[in-house]
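Just below sit the structures, each encoded as structure tokens.
The same chain A turns up in both complexes below, where it pairs with chain B and then with chain C.
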Partner chain A sequence: MTGARTRGPARAGQYLALLAYLAFLALPFLWLVSTAFKPARELGSLHPTWIPEDPTLANFRQAFDEQPLLQAAANSLVAALGAALIAVTVATPMAYVMARRRGRLSAAATGWVVVSQAFPFVLVIIPLFLVLKNLHLINTLTGLVLVYVTWSLPFAVWMLTGYVRAVPAELEEAAAVDGAGRLRTLCSVTAPLLAPGIVATALFAFITAWNEFFFALVLLKTPEKQTLPVVLTHFLGAEGVADLGPLAAAAFLATLPSLVVFALIQKRITGGMLAGAVKS
Partner chain B sequence: MTSVTATKRRTGQGAGRPPHRPPGRPVDHGAWFLVLPALIPILLLSVGPLLYGIALAFTDAQSGRTRATQWVGTLNFQDLLHDTLFWESFRIGLLWAVGVTVPQFLLALGLALLLNQKLRLRWLARALAIIPWAMPEVVVGIMWRLVYNPDAGILNETLRDLGLGDGRDWLTSLATALPAVILVGIWAGMPQTTVALLAGLQNTPRELHEAAALDGAGAWRRFQTVTWPTLKPVALAITALNLIWNLNAFALVYVLTGGGPGGRTRLPMLFAYEEAFRYGQFGYAAAMGCVLVAVVSVLLAVHLVSRLKGDE
Partner chain C sequence: MTRRLAVAVMAAVLALLPAGCSSGGDGGGRDAEGRIVLRFQSLAWQKESVDANKELVAEWNAAHPDVRVDYEQGSWDSVHDQLLTSFEGGEAPDIIHDASDDLADFAHGGYLADLRPLLSGRLKADIPRTSWETTTFGDGVYGVPFLQEPRVIMANKKILEASGVRLPTPVKPWTWAEFRQVAREVTVTMGEGRYAVAWPLKEPVSVSLNLGLSAGGRLFHRGDDGKVAVRFTEADAVVPGTVHAQINTDRSASRSTLGMGGSDTLPGFFGGTYAMVPLGFSYRQQIVQQAPEGFEWIVLPAPAGADGPAQGVSPQTLSIAEDSPYKKEAARFIDFLLRPANMVRLARGDWMLPTGAQALKDPSLRTAEDGWATGTALAGHLRPAPAQSVRGYPEWKDKVAAPAYQEYYSGAIDAAELEERLVDDGNLVLARYQR
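And then the complex of A and B:
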């Protein structure tokens, strides 16, 4: 193996490169955390420090006072949960068909999955905006959920197709021989084995919706309907003048849920992501 | 990876399939029934609007107007042709997309090669890679605004500590705004690109590597003859996808600069967004969308071709 052969200086260089990358990854985030816990006095100082000398939670309190963060978090939760549950429910049967049959249908679906990853949102959002307006769904979470479902479907189908393929078809055939119908087989044999994959897919759809900004910006007009990412931008103010402490505090809080969820399913997503994006 | 094993299993199984069940046929109706729940929202909320969007590009649709919308033929496209602001944003979009994708690819490739070795801090790299990946784009933008902040930001403070001048206002000065947002773009997409390339690397046969090493091939030569040929389809695919994604980018730059200063970071998506939702020019913005789709289609074709090659 290459690793075993590498000599001392080269090895040191490798570790140096790795450390540089780790710093590049971590430092901006650490700065966000540090800013979130700094009192106003330290934020105004001309020589900012990495570690707050006098850490405080005041920024968090102020953030909640300035913007309707709880309401925004509740909106985000509803939109993301709704999108994840619906997406997985409709994607699972389709993924099943795509995995087990390789006809024209699944070829078309595959093509669509790829194409949909590349949609320029501009071209879709304007007509979508007009359609939702006619349905009186502008400025509603229902409208947003509908958009998120359609938007996360391709990827959900793709991830799930991989999981279905991992379930041996022999098991289903055995059930069919025993006289179980197709739907019955799907529900009682395949679905339980798919459960971990379905959960991972749902969590992925959840995070994508939780983090989404563009559709929410266009579709949600009033602050009491807006999701967390949109409300966060209100902290930035009109001229880009921002109250740094509360801004950092709110941004930090908004990230925590997706960091936790992502940490839980990272390995599965990596697999699904690769299947979807690169398919090696 | 899963697909490969699935293919093997299926072909192996085909030989022993019981003759009384002709392959496929009885499943058809059931298949349609299972696909419908996904197909309906897709048709209504993505294919439909897409076609509607293309149609809009040939109309004078505006928001909040009482007069009926009319067909104007290719008028919007003719206007676009002469819209210097649009082409400027298009140029900036290309600069941004290439400026993010290419350095990111090179860095990610180096990192993937590094992580493919047995190094001690691999687990930490994996754990930290979650941060950019899981963060909402809006938060990434906010975070980097804090880093770039002229007075309270850590970047200028570090530069001052190192004696590298007084620092500057990175996001609002004409010269540095675009490079500054490009750096953020690179940061945000590093994990995905690295993981994709790492997976590609793990597909390269170990034995070939060892054989080449025994033949006395140096590291560079082994990379050229063993690693790169197997990595190439993955590399092409992820590069095409990154270009596409970056051409469609919005949230990051919207939060970082709002397209400023003086339009210096106004990506095509920001331009179209303003045109449609600030000035209400739906038809014109839809025409911009069509132009972008045309460009993206070319990249998509590259992606599809490299993917088909990867399938062979």
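And then the complex of A and C:
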């Protein structure tokens, strides 16, 4: 009885903490949405409000008037989806080998993958630029996709290695005992269990590419090729001066595809995780 | 259903990828019809400014069928790294828009063309010597300075008039001592919780150095051997001392704005919390757009010191890439872009001042409306920013000067320690660049 009484407040406290955390995470986005709908006069108000007093679509109109946002969004989508698909396609067999064939080579590869994440962009951009130039891939989305795949691959492999290790090798052995070949085992037994991990890795690669700015800035020159993060900076001047209303409107639109993609596949991730939990 | 969706997405991506594969092409400097093609990377970002640039490019292309200019939109964010990569990769634009304080490394690195043999006599004569000094490195000139902005004081007209203080003019600006006194008086009339001044000092170094020129401060001293050393004189202490006193002694300046950028102070300015905000000249556009109905504001000159209303600036520039095969044509385009009438269009688009003497005479830049006249009156007093050509300045600024000034302004350290850190620590940094 006493335990139930203490559990009740404890649980309420947990929910409150969770709600507070969610609110903390949501604040910047809500503020962005609010700013996107505020007229210029309200942006300069000493007492800003959460709900715009005189909501307007002028910021959206101006943003679309001044910059090719739809084209940029399409470019970002192509680059991010391309990078995500290629990254998981290449990373999955690599991760499988690293997880199942443990040895010095595998350990060294894992170490290298982790170290490579510490390289700053500016260290690799010039060699990358020269390679892409020789391949005639400067100012192309193909070149950008290649860079994104290269950049996200180490982490994708590392991430997927953990998922592969979580799949019991005994299941594959059982399939082999039942007469399944290597390919059949991989496709029918391992791959379905890996699906949540593959989806999570693809999501990571997608969001990394969707948000990336510096490579896109350097590699894409003509306005019709530029991605959303680059186009967003066109609302910024020197020393951080910003055209705040249109910037917020454009940034709000830029976050939507990420949210949509996440909403579409998050069930897949959580569903897969829960399935694994029940089996154990 | 999910599988179908996945297949559809993959098919869409695979279909779209080839569309992205087609190269924009660098063209090798000539298009399919054999015409010369110049790439012009502009950093213009405000709508009026982008429009003006694009219109001028279109006018050039219409008048010069043999030399086509392609407009490329650059970004102030990371422009240095972006240009460096383009230079190293041999893909730099022919005509480059940047700021003069970003050119030193490119000029010393051999990436930019020396413009002296390329520019017309008209352009050379039209832009004053002090502006050319901002783009002169060693014996060469590596950019055409064309837009600049002084730091001015945006002021709430009603509050200042109500307090009865003398309003300064470009001919008779406040002295730094007078500014301190005025700020005290205005604060008293404003009442509790309000301040005469808001110093947005998120980036304290350029403000302190550039305004310091008015009092004769230089901080950087070049010796006969060409090496630069930091020395902190009484003149260098005038501006920092005034700001420090306003915040810590007089309480006539708000402490909370020390970590703010210029835009962050505007709501408080509009709301009457601050009567005056020292800002760049181009901030007028934000005030025009965001100020509430009936808000009356004026543009005042920054205070003057022993050297009058002088102050340092880093103008926006146009340069030509050393690798460009068509430097003469690029110089002709720059000359066209910076004809007096065109320079006026660019200046009005960016709410800045043109450097050209002819453009500065334009009546539209001498009107009292929106403070244009105050700015143009100050143009003759603008000098190269003190740190313009000092190698190692960015590191000195970030690692030594910015934290030292911030701590001094907040009252955490005194003037002696500020001097010690700027000079002793600063010279150690600069020495590494001058071996």
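Criterion: the second predicted complex is superposed on the first by the 210 of 280 C-alpha atoms of A that agree within 3 Å, B and C clash if a C-alpha of one lies under 4 Å from a C-alpha of the other, contacts with A are read in each partner's own complex, and residues count from 1 in each chain.
In the analysis below, contacts are C-beta pairs under 8 Å (C-beta built on N, C-alpha and C of every residue); 3 or more make two chains touch, one makes a residue touch a chain.
As the structure is a computational prediction, the values presented were derived from the model and not from experiment.
In the superposition on chain A, A:R101 contacts chain B only, with no contact to chain C. When the shared chain is aligned, chain B and chain C each come close enough to touch A:H47.
Legend: residue contacts after superposition of the two complexes on their common chain; A:L236 is shown touching both chain B and chain C.
Set side by side, chain B and chain C differ in how many residues of chain A they touch, and the one touching more is B. Contact with chain B, but none with chain C, is seen for A:V149 once the two complexes are overlaid on the shared chain.
Once the two complexes are laid over each other on the shared chain, residue contacts for A:V114 go to chain B alone; chain C is not touched. When the two complexes are overlaid on their common chain A, residue A:P168 makes contact with chain B while staying clear of chain C. Shared contact residues of chain A with chain B and chain C: 43-48, 122, 125-126, 130, 213-214, 218, 230, 233, 235-236, 240, 242, 244.
The residues of chain B lying in touch with chain A in their complex are 1-3, 5-6, 9-10, 13, 24, 27, 30-31, 34-35, 37-39, 41-42, 45-46, 48-50, 52-54, 56, 61, 107, 110-111, 114, 117-121, 124-139, 142-147, 149, 151-154, 157, 160, 172, 187, 190, 192, 195-196, 199-200, 203, 206, 209-210, 213, 219, 222, 233-234, 237-238, 241, 244-245, 247-248, 250-251, 254-255, 258, 268-269, 272-273, 276-277, 282, 285-286, 288-290, 292-293, 296, 299-300, 303-304, 307, 310-311.
On chain A, the positions that touch chain B within their shared complex are 1-6, 14-15, 17-19, 21-22, 24-29, 31-32, 35, 43-48, 50, 89-91, 93-94, 96-97, 99-101, 103, 105, 109, 111-112, 114-128, 130-131, 146-147, 149-151, 153, 157, 162, 165-166, 168-170, 182-183, 186, 207, 210-214, 218, 228-230, 232-233, 235-236, 240, 242, 244, 247-248, 251-252, 254-255, 258-259, 261-263, 266, 270-271, 273-275, 277-280.
Residues 40-41, 43-48, 62, 65-66, 74-75, 77-79, 81-82, 85, 122, 125-126, 129-130, 133, 136-142, 144-145, 213-214, 217-218, 221-226, 230, 233-244, 268 of chain A are the ones that touch chain C when the two sit in their complex. Residues 2, 9-10, 12-13, 16-17, 19-26, 39, 43, 45-47, 50, 70, 72-73, 75-78, 81-82, 84-86, 88-91, 93, 99, 203, 261-263, 266-268, 270-271, 273, 280, 282-283, 286, 289-293 of chain C touch chain A in their complex.
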